Structures are given as structure tokens and as C-alpha cells.
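So the structure is just underneath, and the comments pick up after that.
Each chain gets a letter, A, B, C and D, in the order it is written, and its residues are counted from 1.
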Amino acid sequence: MTGGFRFRLTGRTPPLDVEGWRRRAGRRVPPMVWAYIENGADTERTLGENRSAYRDWYLNQRVLTRTTDVDLTTTVAGTRLDLPVAVAPVGLAGAAHWHGDLGLARAAERSGTRMVLSSASTYSIEEVARGTDERHWFQLYPWGDRALTASLMDRARDSGFTALFVTVDVPVYGNRLRERRTGMGLPPTLTPRRVLQAALRPRWAYAYLRHRRTTLRNLVPDGTRGTAVESVTVQSENLTADIGWNDLEWIRSRWDGPLFVKGVLHPDDAERVVDLGADGVVVSNHGGRQLDAVQPTVRALPAVAQRVGHRAEVLVDGGIRSGADVAVALALGARACLVGRPAVYGLAGGGADGVAEVLRILREELVRNLTMMGVAASADLAPHHLTPAPR
Amino acid sequence: MTGGFRFRLTGRTPPLDVEGWRRRAGRRVPPMVWAYIENGADTERTLGENRSAYRDWYLNQRVLTRTTDVDLTTTVAGTRLDLPVAVAPVGLAGAAHWHGDLGLARAAERSGTRMVLSSASTYSIEEVARGTDERHWFQLYPWGDRALTASLMDRARDSGFTALFVTVDVPVYGNRLRERRTGMGLPPTLTPRRVLQAALRPRWAYAYLRHRRTTLRNLVPDGTRGTAVESVTVQSENLTADIGWNDLEWIRSRWDGPLFVKGVLHPDDAERVVDLGADGVVVSNHGGRQLDAVQPTVRALPAVAQRVGHRAEVLVDGGIRSGADVAVALALGARACLVGRPAVYGLAGGGADGVAEVLRILREELVRNLTMMGVAASADLAPHHLTPAPR
Amino acid sequence: MTGGFRFRLTGRTPPLDVEGWRRRAGRRVPPMVWAYIENGADTERTLGENRSAYRDWYLNQRVLTRTTDVDLTTTVAGTRLDLPVAVAPVGLAGAAHWHGDLGLARAAERSGTRMVLSSASTYSIEEVARGTDERHWFQLYPWGDRALTASLMDRARDSGFTALFVTVDVPVYGNRLRERRTGMGLPPTLTPRRVLQAALRPRWAYAYLRHRRTTLRNLVPDGTRGTAVESVTVQSENLTADIGWNDLEWIRSRWDGPLFVKGVLHPDDAERVVDLGADGVVVSNHGGRQLDAVQPTVRALPAVAQRVGHRAEVLVDGGIRSGADVAVALALGARACLVGRPAVYGLAGGGADGVAEVLRILREELVRNLTMMGVAASADLAPHHLTPAPR
Amino acid sequence: MTGGFRFRLTGRTPPLDVEGWRRRAGRRVPPMVWAYIENGADTERTLGENRSAYRDWYLNQRVLTRTTDVDLTTTVAGTRLDLPVAVAPVGLAGAAHWHGDLGLARAAERSGTRMVLSSASTYSIEEVARGTDERHWFQLYPWGDRALTASLMDRARDSGFTALFVTVDVPVYGNRLRERRTGMGLPPTLTPRRVLQAALRPRWAYAYLRHRRTTLRNLVPDGTRGTAVESVTVQSENLTADIGWNDLEWIRSRWDGPLFVKGVLHPDDAERVVDLGADGVVVSNHGGRQLDAVQPTVRALPAVAQRVGHRAEVLVDGGIRSGADVAVALALGARACLVGRPAVYGLAGGGADGVAEVLRILREELVRNLTMMGVAASADLAPHHLTPAPR
């Protein structure tokens, strides 16, 4: 058994695809955190279809195209990105890994892209601004308390965040059964069994105790005992369904920079959002975590892109796990994709490096796919690069 | 592991959805009772499709709708309900829990709705009337013996039941294999093994021996030995296929109050029923327990609603397990839904309190869904709130 | 635990549906015989779709129809049948149970219907004629040897068989992998393991040794050692693809009675068959045992029925396991169904009594279904009694 | 248990279908080789659909057609073949069995057909030429190095290869996760566990050590230690996406004989290939090993055949595992099929004899199918011999 082989003692390789990072993440965090990351609302039908609906489409292969240097650059919210994938806002990122939102942001900028910082972040707006080299984007829940909302917008602007993403699909908190069953409620509930499960992930548990990045630092000053309860109280008290188009107008009037509205699925809503002055929309169902039984995003995307794509930037998230998924989304009219869970898988599995690795995998897959599709620039992707799959 | 968490000794939570109540119910009752509750006719194809066909539709999400106070009220049979869900008639409810039909009725009225009392109830018409605060509805099998039928109608009217639901889809008893295999025939057959299985559910077995609520109290006077045989004999002797439109006319002529015909799937039948003076129809296939291979109700509903919805009240049952299912049914033309098995799951799992909890879950799910759909009142639901799902 | 129950020592019930008889049969015969009964050609795609394609259709329920006396009679080949189901020709029936073809025939006539005796029967034409009260039908392979073919026709006529079923879908023997893998080739191959497996079914093994009904008695005189080899040699030598329309003409010219052609799927073939003077066709793919990847019969049936149904009798076999399946087939244009495997399940599981029980179950299911469909006579079934199921 | 049976000590039979040969092959080679043979790119969606998409179609059965002598001959690239199936080019064939490419070629010619020798073969062009009786075909990667490419063409021509198959669907190497996970990268990586796994297949391991047919003999002179690394280096260095239509023109200008372009899925590409002077195209997605999420070949075939079938030879590969699959492909417009994995299954499972046996099985299945379809010559197959299957 010699001759032309390389020898190693173990065959363990780092994950080769997003699914591999998902599995690694599942081994690294305690079950209650895993439930929080993975679960969707109610029956998780939309969660599942967000992924499976990408099989509605085939990628078209073309040959002898001399596609040697695939250009993945795009411009989103006035920022030039090296790849058409940015990091979606994710709440409580510090629970996955103490690097948290800061790790996501650093990995994003290392990868030539940006992160959308969640309002429910575990590093404050200012901490993320100080810890990064580039100017990122900020996600805002339009809370009922306008003073609080305004203060977050001011802090984000003052800290140099260039674009605002207003999430409109959480008038109420989605009914996420797995996290409720494992105690990830408001506040989280611990039992002896759950403490033991966490202790069996000593790397995670040590980091948790050492860094305590599981409170919402934009809402409460620090991580001392009691602030977690306070932070969830602040958030849940401010969550309200009493939010309407005039609130969006008010936000638009107070924010000079690019403004995106996240959580739009209906083309009529997309149109009104753009009429109101938004620069873009994110076609999103909140990763299947809000209204279960709603369309998967890749099926909602074409109608939205057709309605407002000529005068606004259309992004999409939900179910994207590969470069092929990105290619489908772009061909159907998205300018870029946001990835939430994939980034969190990388974070949970390897901190900021893991996130960067996930983004590298997506980039590599996308380049490979476009090379074989004979598409020299991801921005050129169009419906004729796809074929509908029979069902 | 401190800071912002709540501590408890155990993570056991009450069921969070109807499926959870189903599982609990399955652990509480003996296998032969469970078979009776769960089984459908023949291959159980219709039983299964009753549920899966709800995936024909997506709910439409709308944003910034300022939907803060969702109105679930409706009026069925002249009774104002706080939610568009009532309890379907279920035979032999006392086998699930000794609270039986009385528990179902009490839970329904606590929840702001009503129960349809089965002819095959384990509490008599009079017992239910005495034990409840509100006036409920009564289900009638149009038995061959007109004197018996008339006496039930008279008793129901005299006891204050306001509406009559005439079940027309049991000209013969459906071929339910699971209950036949476990001995739930007419009469039930016990074996040493089955007695042992019941003994392993001591809470159920004790209540059975103590309360003996497993005979049909509308047909036989009390629960002494022998009356169960007598009650099933009465029922099976009176079950007949020799029932026609003139029998319905006769019933209509003898009942002054609202009259619904339950078990209608074909729009021509629905039209004739309404022409004959019925106030409403229940689109039903008897929970998949009668004609196997018949359409699931949610697929039969639209044609019926289109044909008679403008001049009669259209209800539907079969396969409804969540607020999302209720929303689909209402958008397709139902005025309200009836739930049979979900109520029995609650009953078996927790008596009257369990039933109330199931109804509370359905209400909460429906409110949450409508909030995210931007629908302020369930009565406003219409086809444009849905999108057909590709198959 | 008293009061209204019946007590028994065991809950074992006889099978309640065809599937139950299938499971019983599988326990009674050795694996190699089971493989022969159950297997289809190649990948068994057609075998599977023969059954699943019945889910293309829903039965329509109608109410208040006063359907009390369902009439199942029909006339096939000039013979009045009490139910629209006859027993299909099955080869080597004696391997399932020593009652063999005689058991099938006796059960059929006890059930008010008829059997089509296979050329490859384990009781000779004369034995079956002597052992039965009614005149049955005879199936003929159009072997290359016209003298042999003619002699079989003469013997069938002389023995009183009234109708001839010419099987045309075996120009070559289908590639049935399961029977080949278990040694059921030509001739069957025994190994120590297979002998042991048979010995573990002592009831079957004893009957096999006692009655030796596993040779083709129409082709060889008796069951002595060596005749099995001889019989398969005769059959395989005579099997030929060199059979054409003129052979059918020749058969037609030599047979005065009703003549059916079995194994027709294409409407052009059906038309030519009828033009040539056949009285009927059997839409059949030989139970999925011949050309794999061919249409399931229930999907081929409508076009054939539409083409020749007005001037010929159209029968169908393949995949029928319930009264609901029979109802679908009749509604799509079949005059009656043939059942092969269901009859063999009954035979293997209980001899002639088992076959009669299977036919009783089908009858009971069909009556129950038609009652709920409001169809007073199975002969009235038509496409409007069905609704296409979405796929 | 006597009478008409054959006795044997064991029931072990040789595989009866391609799937059986697949299972045998999986038991014979080490896991890392098996991963290399079996895997597809990324999620392996296309790999799976290549097979399942053959279920889009039913074969039409016709009767009484007197089809006794099915003619399977066809002419591909000017060579008359006895069956419309040739052996696809497969890289690293020697890893499956030391007979390698030479075994494939010999089995092909014994079976009346030809092999396409891979550039990445483990026997050199000259070795294969010397070891065979017929003139086979040669597959060429259009490497960036024109001198290398030209030298391979010259060597193929000088060695008597008659046709050239230019593979155009590998501008980059597909992302095959299973082979990467098991160490089959460039170069292969061994671990103690993998060595052990190989040692547990002693027949394979011995042959490997004895014959060392796992290097690319067209690129490096022999199999000494180090040459494997060298060979993969040569190949990967020369693999380039910088290949365009002018490269194909150049190849066309340098090759006098028949020229096929392999890896075409889009009809526009097929047209341009033929305009450029190619004699044929192979509709191929490289066995699902390159662009995942691309159409299965049987779905891409009809459009290509319709566009260029009248003036070029259209071949197809991917997912073909049976004579029925071949029949579908031919009916949809293919002149012949190429089989890669089926041939390798035969090779791994039984060397050259195994390959011949696989080809024999395919032939036998195809003859049987065409007999029952009433198609006297495979070249007559046309769309009207198929019926689309509902989905």
C-alpha cells in the first residue's frame, strides 16, 4: 500500500459543506441552544420547504464558455461586496459561541462581505463598531417605544452602521415549539438535566461562564446576574403588533442612509415598502420561525422581484445552504442572499473562523457552479439560466 | 450557570400543541379505546388525507397591518361564539375519560363555544343539560324508528338544546379495522390480554369501574350490567340505509330551531339539503371513519361553500389540528370548524380541563396566525388570504 | 371490568381484509413459493403502481339515497355473476395450497362467480370439471404447437368450459427476479436451506408430500417424480413470441363460445382484437409479472373502455385489493374485475374456504361502498361517481 | 421433497441484474474506492435524479406482434455495434479491478460493442490497443496544454482508435464529497483505518499490490512510487476552464475521424457543436459528478435530439441501469447509450467477465422488453412507444 498516496493518522477532515458545519455545530452546543438555533414555528412546514423548494429548479450547464474568472461582486446598500452573500441578523448569537455577533461581523468582513447586526445582539452596537474594520449594517425591530427605537437608530448611525434593515415580520413572537420544550423561553428555564447536558459540552460551558455573552447588550448595560431577565423583559415588552405603515414612514424620515425592509413576501407589500422610500426589501419568512404554513421564500421571490426589482434591491434569505441555492436565488431576481443559520453553524462549530470557512465554502461552490454554467458574473444570472423541474 | 435563568427541577411541560395532547391521550387510555378513537375506515387513506390536504395551501403573510386585536367571534346556528371552532359530536366519549360528554360541553362553554352532543353519548341529554350553563347543540342519527328519533328530538328540545345536527353519512357503519381487531365491536370483546392492558392504565381503569360511563345513556336508562349490550343493540338495530330525503323533510318539519345536515361532501347534496330548509351543512367524511377513499374535507369544502355559502352556514370537520388549519378552512368558505379528535385528545389526556386547553391552544394559534396575516377578524378570511402550494 | 362486554380467551381474529389474508398467506407457504406468488418483473415498478394508481381517484359520497339493496350482479361471457369479481387464471395454484385450482373454482362458484382455469393449472381441465357444479372459463396460452393448443381447446369445450381467455402478453417469460433468486426457475432448484424453510411450514410440507399438486396437469399425465421437469419443459418449449393476429383468428375460428383476449393495454390492440371477433378484452399487465415499466392497468383502462366498451366486454385485473378498487375499475368502464393474488392469498391462507372468505370480504366492502355512494347497482357505476385526486 | 426439482447445496446465484452487480462490487472494493465510484457532486441530487427520472415514462406493450428476432444493431461513429450500448469512459478503472480499462475494452468487444477509453485510464492507449482485437474509441480532456492534448490525439490515432470523444463538462473538477471524505483526493490520503479496510478485501488488496493499476498511464510512464502523485499533478495542472469553442475547432481540425462532444445538455450547445463539425454529441452530466442540480440526462435528451438528431448522432449516459432505461433513451432520440457505473460494477465484481455479464444482462433485458413492446429493431424506437407517467 505505497506509491502515490499521502499518509495521515486520522481521516477526520474539517466539514466540506454547510451541512457538515451544521452537524459539527449540533455536537458543540447544548441541546437547548441547538433547539433555539434550529427550530421553526409550529409544525416546521415552512422551515422544511424553505430548503426543499430550491429543488423546483435546475441549473443550466453550458460548455466551452471559457469562464475562467467568475466575478461575484455586487453592490448592496451602496456597499460593494466581494460575494453576493451577507450575514443575516441573528438573535442571541453569543449563545452559539462567545465570539457572537462580533465573530460574525469579523468573519463577514474578512470574506469581503457584511453582517446585519441584530437588535437582539449579544455584543452592543458600539462593541461591534469598535471591534471591526468595516462599516456594517444594523437590523431594527420597530418596537412600540419610539424613544427606544430612535435611540437604537441614533446609536447605529453614530457607530457608523451604513444601512438599516427593519424587520416587519414579528408583530408577535412565532410559536417555536422546540425551544419552548427545551426551556428556551423568556426567560430560559434550567433544570438539572439541562445543566448536565451543558456540562457535557465543556468547551461551550466554560466559554459561557467566562464570557457570558447571552444577554441582549443593546438593551441592558452589561452581563451581570439579572440582566438576562431584564433584557428579555425589555424585548418582550416592546414587541407589539401595533406597528403600521406610518411607523415605517417615521423610521424612513429619521434614517438618511439606505433602508431595507425585511420580512416581505407579498408583492403588494413590497411595492408599498418601496413607494414609501425603502431602498430594498428582504424576501424572508424569518427562517420559518414566524408564520408557519407561509410560502418558502424561493417561491415568493419571483413575484416580488418582478414587481419592485427594477427600482429597489431585492434580497432573500431562508433555506440557503449551498452555492447552488445562491445561484437559483440570484437567477430569480435576488441581488444577494442573506444567510443566518449557515453563519451560526460556522460560529457554533468554530467561532469567527468557522463563519469565514462557511462563507468560503459558499463562495467556492458558487464559483464552481457558475464556471460550469458559463456565467462569468453572478450579477448576470437570470431566469434563462434555470430550468423548472417537473414535480 | 447563573444569570438570567429560571431554575426548575424538571423540564416536563404540558403539551404545547394538539399533537402533544394526542400523544398524551395515547398513553392514558387502553389500546382498544385508543384504536376506537384513532382509527378510520378500511385503508385509512381518507383519514390521512384529511390532515395532509391542508398542505394544499399556504397562508399569506402581510406586514405593518397594525393587527392588534384579532376578532374571532362568529355566529353559528344563531349562537354567538367567541371562536370559530366548536366541539364535534363524538360517540362513546366516556370511554376516553369519565368526564365524557359533560366534560366536553363544560370545556366548550368555558371556552366561549359550544358542543354538539352525540346521540351516542355516555351522558344523557338531560344530564348534559343539567350539568351545563349554556344551551348546546344536539346531533341526531336519523334512525329507522321514527318514534325513537322523535323522542330524542323532543328530549333535546325540552332540555334546551338549540340546534339540531342530523348526521347523514352513516347509512351503514364504516369498516374500522383497528377497532375490530382490538375487540371494540358490538359488543366490545374482552380478552385476558386486553384486561391486563387496561389494568396498566390504573387511573383510567379505576375511573371506568367507578363511573361506568361507557354506555349510551340516551338509549338505555342506566349503566348496570347488560345495558351496554342493550345500548349497542338498540343502536345497531336502528342504523339503516333506508333513509331518504323525505326523512329529512320529516325531521325539518318537527324541529323549529336551526337545523344542520352533517356529512355532506357533494355540492348537489348540499344544495338539496338547503333547498329542503336546512340552515347549514357540515362538510364531513365522519373523520375518515365511513367511506374510505372519499375526498378529504378540505378539498370538498370550496365547491360546497361556493354553491350554498351565500344562503346557508357551511361548517367543516376532519383533519383540523391547528389554528393554521382553521384559517385555511375559513378562508375556503367555512363559517366555523368542528373538532372531534382534538377535543377527545384533550378529554383523554386531562378531562374537561384538557379539552379547554386544546381549545385555548387552537385559539392562541389562530390569533397568532391572523396577526401575522394582517387579518383583523377571522370572519374576514377569504381565498385571497391563501396561495395554492405546488404539488 | 364487567358490564356489557363479551369475554374471550384470545383476541385472534380471522383476517378482516385482503391485506390480512396476504400476511397470513406469507406465513403459511415456504419462501420460494411466496416469492413466486408475490414477485413482479424486474424492478417491480409496475407491480407497485398497479396498486398505488388506484389512489388517482376518490369515490364520491352521496347522502339520503335510500340505497338499501345493492345489486352487484353482472353478466360476463354470457354468465350471470352475483358479484362483478371473478378469479383470474393463476399458474401453479397447487403450490400455494393443495386445494389448488379446484379450490379456487369451488370457492368462486360458492360465491356466485366463476374462475378462469389456467393452462398451467395443477388440476387438469377434466379434474376441475368433475369437481365443480358450475361451468367455468378456461385460459389458453397460444402456444406455438397448434396441435397442443387445439387439444386444450377441445378438452376445455368437452369438459363444459364456456368461455375462452387467450393470454397474449407472454411472448416471452417475464424476468421475475425474486422467484429466480429463490430457486423457482424452470425447473425449481432446491437447496438444504430451502428444504429446511419448507419443513418449518409443516402443514404446507405435509400437504405437498401428500398431494403433490405442483405439476402442470394439463400437460403431463400425473404427479410422479420427473413429471414436474417434463411439465415445465413442455411449457417453456411451447412458449414462443412467434404468435400473431392470424393465430388469434385461428383460435377464434375454432372456438364457438365467448372469447376474451387477456393482456391488452393499448386501445389500438383492443380495437383490433374486437374487430377480429373477440367478445371481450382483459386490460392486464399480467400482475406486473411481464413488461416492467408498463402502465398500471387502472391507468390503461379508460382509453380501452372508451374505444371498445360499447361493443365488447372490458375486464381488468392487477392491483385490486378492496371493494373500493373494484368500484373505481367499474366506474372507469370495466364490466368486472379479475383477482389473482387476492384469491391465492385466500387459498394459501385457508384453502377453498379462504378464497371464499376473500371474495366475501370484497363483496361486503363493495356493498358498503356503494351504499355510501348511493349507487344501487354496481352496473350503474360511471365516471361521475369518481373525483380525480390531485397529485 | 422430491419430484421435478433440481438439487444444489447452495442457493447463491450470480447477480441477475445491474443492481445485483452493484451490490457485489460494493463488497469487493475498499470504501474509499467505492466512494470514488459511487459518488456524485455536492448533494447528489442530479446523481439520484439521473436514475429516478426514467420513471417519467412508461413503455408501451403491444400484443400479437410476432416479434421473434429483435435486432439491436446500430452504427455509432461508423462502427457497427451489436447492441445500442457502449462502455462510457471511466477514470481510474484500475482501482475497481486490476483488469482496468483493458478489461472493459475486451468485455465490450466480446459483447459486440466498443469502449471509450478514458484519458485518465490506468492502461495506456498503446497497452489497450495491443491488448484488444477491435478498434475502440478515445476520450479526450481538452487540457490547457495543446502539446499534451495533441500528443494524446496522435497516440490514439496511431494506435488505431477510430473515434474521439471530447469531454467538455469538466472546466473545473466537480465537488465530490464522498471521495473527499474518504481520502480519494489529489493525491489519495491513506490512514491506518483505510489501510485496514483495504486489507479486509484481500483479493482486491493483493491485486492492487501485484498490478498497481491505479496511476494514469497515459500521462506518466509507469506505476512506480511517486508516479501516482505525478499523474494527478499532471492532470490537475492541465485541467482548465480556459477552454472555448476555438479549442474545439482546433481539435476538429486535427482529427480526421468521427468526433463526438460529450457533456452537452443544452440544445443550443448541441447545435453549435454540430455546426462546428462534430459528428455527434453525448447528452451527459458526467454521471452527476460535475454540476449538481443540473437536469437529469433523460430530461435533457429530447430537446437535444429534436434539435440535432437529424444531422448528428445523439448518445446519452447517466442513470441507465436496465434494458428498460435503454429503451426509453432510444425512444426519446438516442442512437445508443453509454454505461459507466454499470460497467464498473461488473469490473469490480468480476473483472472483464463481470463487465461482459453486465452487458449480457442489458442485452437480454432489452430484447425481452422490445419483444413485449412489439418492436422488431431497437433502431425503430420512437416517442410513440412511450406513455408519459403522471406525477
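Please note the rule applied: contacts are C-beta pairs under 8 Å (C-beta built on N, C-alpha and C of every residue); 3 or more make two chains touch, one makes a residue touch a chain.
Quantities reported herein were computed from a predicted structural model and do not represent experimental measurements.
S.K.: By that same contact rule, can you tell me which chains touch subunit B and subunit D alike?
M.R.: Expected: A, C.
S.K.: Which angle of rotation, from 0 to 180°, maps the CA atoms of subunit A onto the equivalent atoms of subunit B, to the nearest 5?
M.R.: 90
S.K.: Rounded to the nearest whole Å, what is the centre-to-centre distance of subunit C and subunit D, using the mean of the C-alpha atoms as each centre?
M.R.: 42
S.K.: Let me have the rounded angstrom distance from the C-alpha centre of subunit A over to the C-alpha centre of subunit C, please.
M.R.: Between these chains, centre-to-centre, one finds 60 Å.
S.K.: Which positions in subunit C touch two or more other chains at once?
M.R.: Those would be 391.
S.K.: Pull out all the chain pairs that touch, please.
M.R.: Inter-chain contacts occur between A-B, A-D, B-C, C-D.
S.K.: Inside the complex, what are the residues of subunit C that reach subunit D?
M.R.: Against subunit D, the touching part of subunit C is residues 42-43, 45, 56, 168-169, 171-172, 174-175, 177, 180-183, 187-195, 198, 205, 208-209, 212, 214-215, 223-232, 240-245, 247-248, 261, 263-266, 269, 285, 290-295, 299, 391.
S.K.: What residues of subunit D sit close enough to touch subunit C in their complex?
M.R.: It is residues 1-11, 13, 16-17, 55, 57-68, 322, 324, 328, 364-365, 368-369, 371-373, 387, 389-391 of subunit D that touch subunit C.
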